[in-house]
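Several structures are given next for inspection.
First chain A sits with chain B, and in the next complex the same chain sits with chain C.
Entry: the complex of A and B
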């Protein structure tokens, strides 16, 4: 190895193809990785602070604005937490509708990430627009798949970004049975396109790189987890959502505007598609499991570069699941349950496309929010991302800086990080010392 | 090839404090995105591409509000390198939901969210782009409407003003034949004072408008507040209604201040 490669800095000041603003800095000194920072410099927006004093029914629309890529995740975690505080459970057709709109968000977000943000790395393009110059039909397929997800969000939520139809207790207006059934045709096309997506991405070449993370996801008695469940891990964690804060600690580190989360006593953990998949393989639909097998994925995947295949499998699942629920839909009598406020603390946790999103609110008897706590998936994954980078770089010290930088960016994009969420993004720098 | 590339108008998309929802609306133009990429050179759009060009740019779309000294400087540089600059969304046009800090002490906010406040650099106010540089056109909404976005893109690429109506959501309800939620069901609605653009989405879903497109031109907010009072809304309720995603828009700010204790 040339001596100048043993001591250098790899850095990216503004990471691309991620949501929000972040940077990367990796220092290599004397042939060892001495420092790795995923910097989140996106300015904070202080949601938890200004939620204080607002009404309990307002959190759904306000927290949605933390992230334009996963607004449904925020809306659902907020609604769940408020319903938990008030002692109300939403089930039946309203629960099904919540799952369907959430499937819409998974489809939109996963298709965006697989086709527009992540696949270009594997094929050596700087963007999907460049990729489309050589592979227009493929990019078109991705865009149409994304559109199918957005179609569900618009049908049930009124619009794709910050839907207006979700409320504590249910919805403002529920679709008629025939309105919802009409959504089935485009979804059947989308399910086939998702199966083709699994085949396409499974043929990419993946670096030989596995990590032994503790993975955390929701687990539900019968469903692949989306809107509810217990929190479980690959190292034996099994707790109710309300116990989250007893097991997860958040630290504030100087290089980041996002808080880092860790499991008390153990440290780094991973959330997101790989974790959901590993902990809930048996809950996937037969079609999605079959697609995973064909793609050569075992029931657990530990190579973060292969998360793109897992996302594609979840695309199949989300289309399949939405179709199943649409077929059995009968319009409920009322669009929402009454949820009268009471003085209490409520917890809500749902599976955002990028992993578990936890909300906790304390409200008073009139429903005014006294305290709010939000832990997004990307802040939970920050440590895992930094650890991946450290090991990945250590094993590839021979790479020239340009190639190293690009591959490190790709390693970050494995996580589909959402920096807007985590600051409520990141600067990537590799520094020469 | 290289020459043809240079002659295409150059589009840039920028982000400041925001949720990414407005720039996502560009990527949500699923049917139009590839044709658009044929007509313009996407010179800077970090969410979509790691390739960036320094400018100058023919059209800059700006999302997000200014909340740090560094960002205040960055927007000046972007303005210098842009022929036209259009703000997209409530954050860029009014300061966004993060402008709620403008009504409070930001130090208190920082300590509520972060254990080590000394690591955070931020300004005490969130301000719209037009407070810092000259803006050629402001597109409203939290988020922007994709139809309106296409109109803005088409208009600037063809050198004309965008045709974006300035009336209220109320007018859109009438056009769509949506029954007024306030008259028929007594549901408080900001539609009469809110800028059109969404197609009266909320009333069409049996809920009152919450003003995400911000104030229309010369809104009669006082008369609407009086009406809301008759529907049983308290002063505190009025303050909160006018203080959401466009809290810092002058007309909404003033109305909210009138109802403060």
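Entry: the complex of A and C
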């Protein structure tokens, strides 16, 4: 190794292809990685403050504005938390509709990441535009898949970006049986396209890199987790959602305004598709499991670069599951349950495309929000991303800075970090010392 | 009459980032014949879906290029890429407006006429409300887009 590579700082100013903007700084001294900082400038504290004093029914709409890619996740975590506070449980056809619209969001978000943000890394392109120049048909397939997801969100949510039809207790309006059945045809196409997607991405070549993460996801008695479940981990965590704050601590770190989440007494953990998959492989549909097997994926995947394959498997699952639920749908008598307020604290946690999204609200007897707490998946993955980078770089100290920077950016994109969940502007910086 | 699509991009809770949305919300009130008005909050990818098949598109987004806040940029994107400085990698979204326009061009789905209005913002932190000079710029752009859309749509 040349001496100048034994001591240097890698710093990148603008992280391409992540939601928002990011900052990353890695210091190497004497042939060892001495420091890794992923800088997050702004957690959703504005929204937590903004929610105080608002009505308990408003959180669903307000928090959906935090992220343009996963508004449903915010709506569902907020609705769950408010229903928990008020002691109401939404089930039956309304629960199914929530799963269907959430499947739409998974399809939309995963298709965007797999095709336009992550695949270019594996195929040696700098951007989706370059990828499209050589592989227009593939990019069209990805866009069409995304559109299928957006279609479900628009059908059930009233609009595709900031759905307005979701409310505490259910929906403002529910589709007729025939309206919903009509959504099946594009989804059947999407399911086939998702199977093609799994085959396509499974042929990419992946760096030899595995991490022994503690993975955390929801687990439900019968469903692959989306809208509810207990919180479980690969190291034995098994708690109710309301115990989240007893087991997860949030630490202030000097290089970032954001709070970094850690499991009390153990530290770093991982949320997202790889965690869901590892903890719920047995809950996938037979078709999704078969697709995973064909792709050479075992029941647990610890290589974050292969998360693209896991996302593709979840694309298959989301299409398959939405079709199953559409098939059995009978329009419920009422679009929403009555949810009268009471003085209480409620907790909600759902599986956003990027991992668990936790909301907690305290409301008074009239339903006014007294306190709000939001923990997005990206802030929970901060430490895991930093640890990935430290090890990844340590094993590749021979690389020239530009190649290393590029690979570090890829390592960050493995997480599909929705930076705007946690912040607006994140910059990745690489500097020489 | 030709089909014209007007798309406003932005995040309503990021102060001046909402400039593009503010323009299309005003235009909705105006009801322009032959024109579809779309709010693409924080997802410029929707430009692709909504502009496919249209004969003309007008896109409005906030920009942060270090210029004087309230400055209005009008660019013709029908024939050449948008300048990186205004609509490049620095985006609050997964793909910037510039990238989405180039993606549509590459895939052959970009309408023949594309006009992009950029409004230079001052404040992009979390919060509501436009800076005064940006609010003024929104008024200018509402008038300009109305004229542009009417011309693109042609006689009724």
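What to note about this one:
In this section, the second predicted complex is superposed on the first by the 424 of 433 C-alpha atoms of A that agree within 3 Å, B and C clash if a C-alpha of one lies under 4 Å from a C-alpha of the other, contacts with A are read in each partner's own complex, and residues count from 1 in each chain.
Quick note on the criterion: contacts are C-beta pairs under 8 Å (C-beta built on N, C-alpha and C of every residue); 3 or more make two chains touch, one makes a residue touch a chain.
Being a predicted model, the structure only gives us computed values, none of them experimental.
Partners chain B and chain C, brought together by superposition on chain A, clash.
Within the superposed three-chain model, A:126 lies in touch with chain B and out of touch with chain C [touch as defined at top]. Contacts of A:172 after superposition on the shared chain: chain B is touched, whereas chain C is not.
Of the two partner chains placed by the overlay, only chain B lies in contact with A:335; chain C stays clear of it.
Residue contacts after overlaying the shared chain place A:58 against chain B, while chain C stays out of touching range.
Of the two partner chains placed by the overlay, neither chain B nor chain C lies in contact with A:196.
After overlaying the two complexes on the shared chain, residue contacts for A:290 are found with neither chain B nor chain C. Applying the stated contact rule after C-alpha superposition, one finds that A:139 touches each of chain B and chain C.
On chain A, the patch touched by chain B and the patch touched by chain C overlap at residues 14, 16-21, 42, 44-47, 50, 65-69, 112, 116, 127-129, 132, 136, 139-140, 143, 146-147, 150, 160-162, 420, 424. Those residues of chain C lying in contact with chain A across their complex are 11-14, 39-43, 45-46, 48-49, 89-95, 99, 102-103, 106-108, 124-127.
Residues 14-21, 42-50, 52, 54-55, 58, 61-62, 65-69, 71, 112, 116, 126-130, 132, 136, 139-140, 143-144, 146-147, 150, 158-162, 164-165, 167, 172-173, 250-254, 256-257, 259, 335, 409, 420, 424 of chain A are the ones touching chain B in the complex.
Across the interface of their complex, chain C is touched by residues 14, 16-21, 42, 44-47, 50, 65-69, 112-113, 116-117, 127-129, 132-133, 136, 139-140, 143, 146-147, 150, 160-162, 420, 424-425 of chain A.
Touching chain A in their complex are the following residues of chain B: 15-25, 27-28, 30-31, 33-34, 37, 42, 46-52, 67-68, 71, 96-98, 100-101, 104, 106, 108-110, 112-116, 119-122, 142-143, 146, 198, 201-202, 204-207, 210, 212, 240, 244-245.
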